[in-house]
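So the structure is just underneath, and the comments pick up after that.
Per-chain numbering from 1; labels A, B, C and D assigned in written order.
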Amino acid sequence: MEKPIRFGVSLPKDLLVKFDKLIREKNYPNRSKAIGDLIRQELVKKEWFTGKEVAGAITIIYDHHKGELLDKLTDIQHRFKKIIISTQHIHLDEDNCLEIIAARGKPEEIKKLADTLRAIKGVKHGALSMSSTGKEIE
Amino acid sequence: MEKPIRFGVSLPKDLLVKFDKLIREKNYPNRSKAIGDLIRQELVKKEWFTGKEVAGAITIIYDHHKGELLDKLTDIQHRFKKIIISTQHIHLDEDNCLEIIAARGKPEEIKKLADTLRAIKGVKHGALSMSSTGKEIE
Amino acid sequence: MEKPIRFGVSLPKDLLVKFDKLIREKNYPNRSKAIGDLIRQELVKKEWFTGKEVAGAITIIYDHHKGELLDKLTDIQHRFKKIIISTQHIHLDEDNCLEIIAARGKPEEIKKLADTLRAIKGVKHGALSMSSTGKEIE
Amino acid sequence: MEKPIRFGVSLPKDLLVKFDKLIREKNYPNRSKAIGDLIRQELVKKEWFTGKEVAGAITIIYDHHKGELLDKLTDIQHRFKKIIISTQHIHLDEDNCLEIIAARGKPEEIKKLADTLRAIKGVKHGALSMSSTGKEIE
């Protein structure tokens, strides 16, 4: 693990007071961690935009009673197995399932998988969480 | 399962042609599924805004070598156990872990959990996927 | 003006009830207008993503007392004059100005202009509103 | 104008290298300005969320040929005159108009105005740019 670098930042006093209040509300241990996170957020956005290898989670909600839905979901996940890492399945109630698919690959492939899952009859909602492999955001 | 209701929609021809192209690209089986999804998306946004019970996934990336990180993550997850359904852990490489936490509860509680996890030293990125319990989006 | 096309859409009853409630809250005259808007929203997102000619508004907030800020803003706006349509300037209070720049061109040029304005010392906030030339969303 | 405060920030070297690259691409003069902007962005999001007085721009695209559209737009703008500062109108082509409305007030009022404008028959797209009065983000 590399040693961190220390540098000076200059901000208007009022802004700093409000920043300190914000990071206290969010339970941050110090300004450096909070500033690092703001920077990493921007870098992760850029990873998704420039087509770097990324990681993400696709969250879908579906009614498992819908005809052949489970077969279709399994078929598609096999078709995309190169980018799917693992799947977590939760029974929300009698009808509704929450499935969270961890994926890793090119942004456009992960988006394609999210679109394909969302388009299946019986899938009510699909959301894509854009994260990172962590390698490029030390 | 209730019977669907059929109704007429009137759209400019050019718009319909572009919509048909868009839903073909996204593998939708038909217009009704695609229109239903657009509507459900809006309703899920509203659920998160109005404080209804929702479900979601929090995705965090961290370096497990950082001191006491695992202990802190476990502590926090226990503290929020009322809203956490389950956790999926993935080893991305030697250093980086991807952890996906499925949660269910009030939007502000889930956001609070996401903020608290993100603020821990060693957590590099946190993303929140806003989904639904599925009950209100038939 | 072309004649609209009428087609049938099939949705679960509960979803339709919630949709009708939502569009009443938003003052929509009928379902067709609301569904058309959801579709146009998706098409505008796609225009920005695929690099079509788009229109947009860049909103910046700045303190006009900051040294040479006005000169710099004017310089930059002249440099980007090919994509800037017009500028609206509002005096928010003694110190703060709100400037809204209407632009038209390639998405990456408009984003570049927004980034360049936001980076100037004295500019406190910049926001980019992604809209359309209207030609492709009849 | 108050004097800025200088403080130390500690970041991993790799992260700092990537941050410096990012801010060079965005034409930032120095790290302090870039970090200040990231913080102000978060504060503006919070202003919109907590219902503080904010400023913003509503961008609408419409076909001015549509029956009584101009009358309706004018009526609505008068109804909301308490929060509208000024309006900029641009003729995009024979049919399409771009109108940018600068507004100032409570977030929910500005959103209500945006919803109401978007719902009018003939308005093809509406976007809301969330900005600030500048007072709280020194």
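In this text, a residue touches a chain if its C-beta (ideal position, glycine included) is under 8 Å from a C-beta of that chain, and two chains touch if they have at least 3 such contacts.
As the structure is a computational prediction, the values presented were derived from the model and not from experiment.
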*By label order, what chains touch subunit A and subunit D together?*
none
*Taking each chain's centre as the mean of its CA atoms, how far is subunit B from subunit D in angstrom?*
26
*Gap in Å, rounded to a whole number, between the CA centres of subunit D and subunit C*: 9
_Multi-chain contact sites of subunit B, meaning residues that touch two or more partners_ = 40, 137-138
*What topology does the chain touch graph have (line, ring, star, complete, other)?*
ring
*Can you name the residues of subunit B that touch subunit A in the complex?*
1, 23, 26-29, 33-34, 37, 40-41, 44, 55-57, 59-63, 65, 85-86, 88, 90, 92-93, 95-98, 100, 102, 104, 115-116, 118-119, 121, 124-125, 127-135, 137-138
_subunit B to subunit C touching residues, read off their complex_ = 2-16, 18-19, 22, 31-32, 35-36, 38-40, 42-43, 46, 136-138
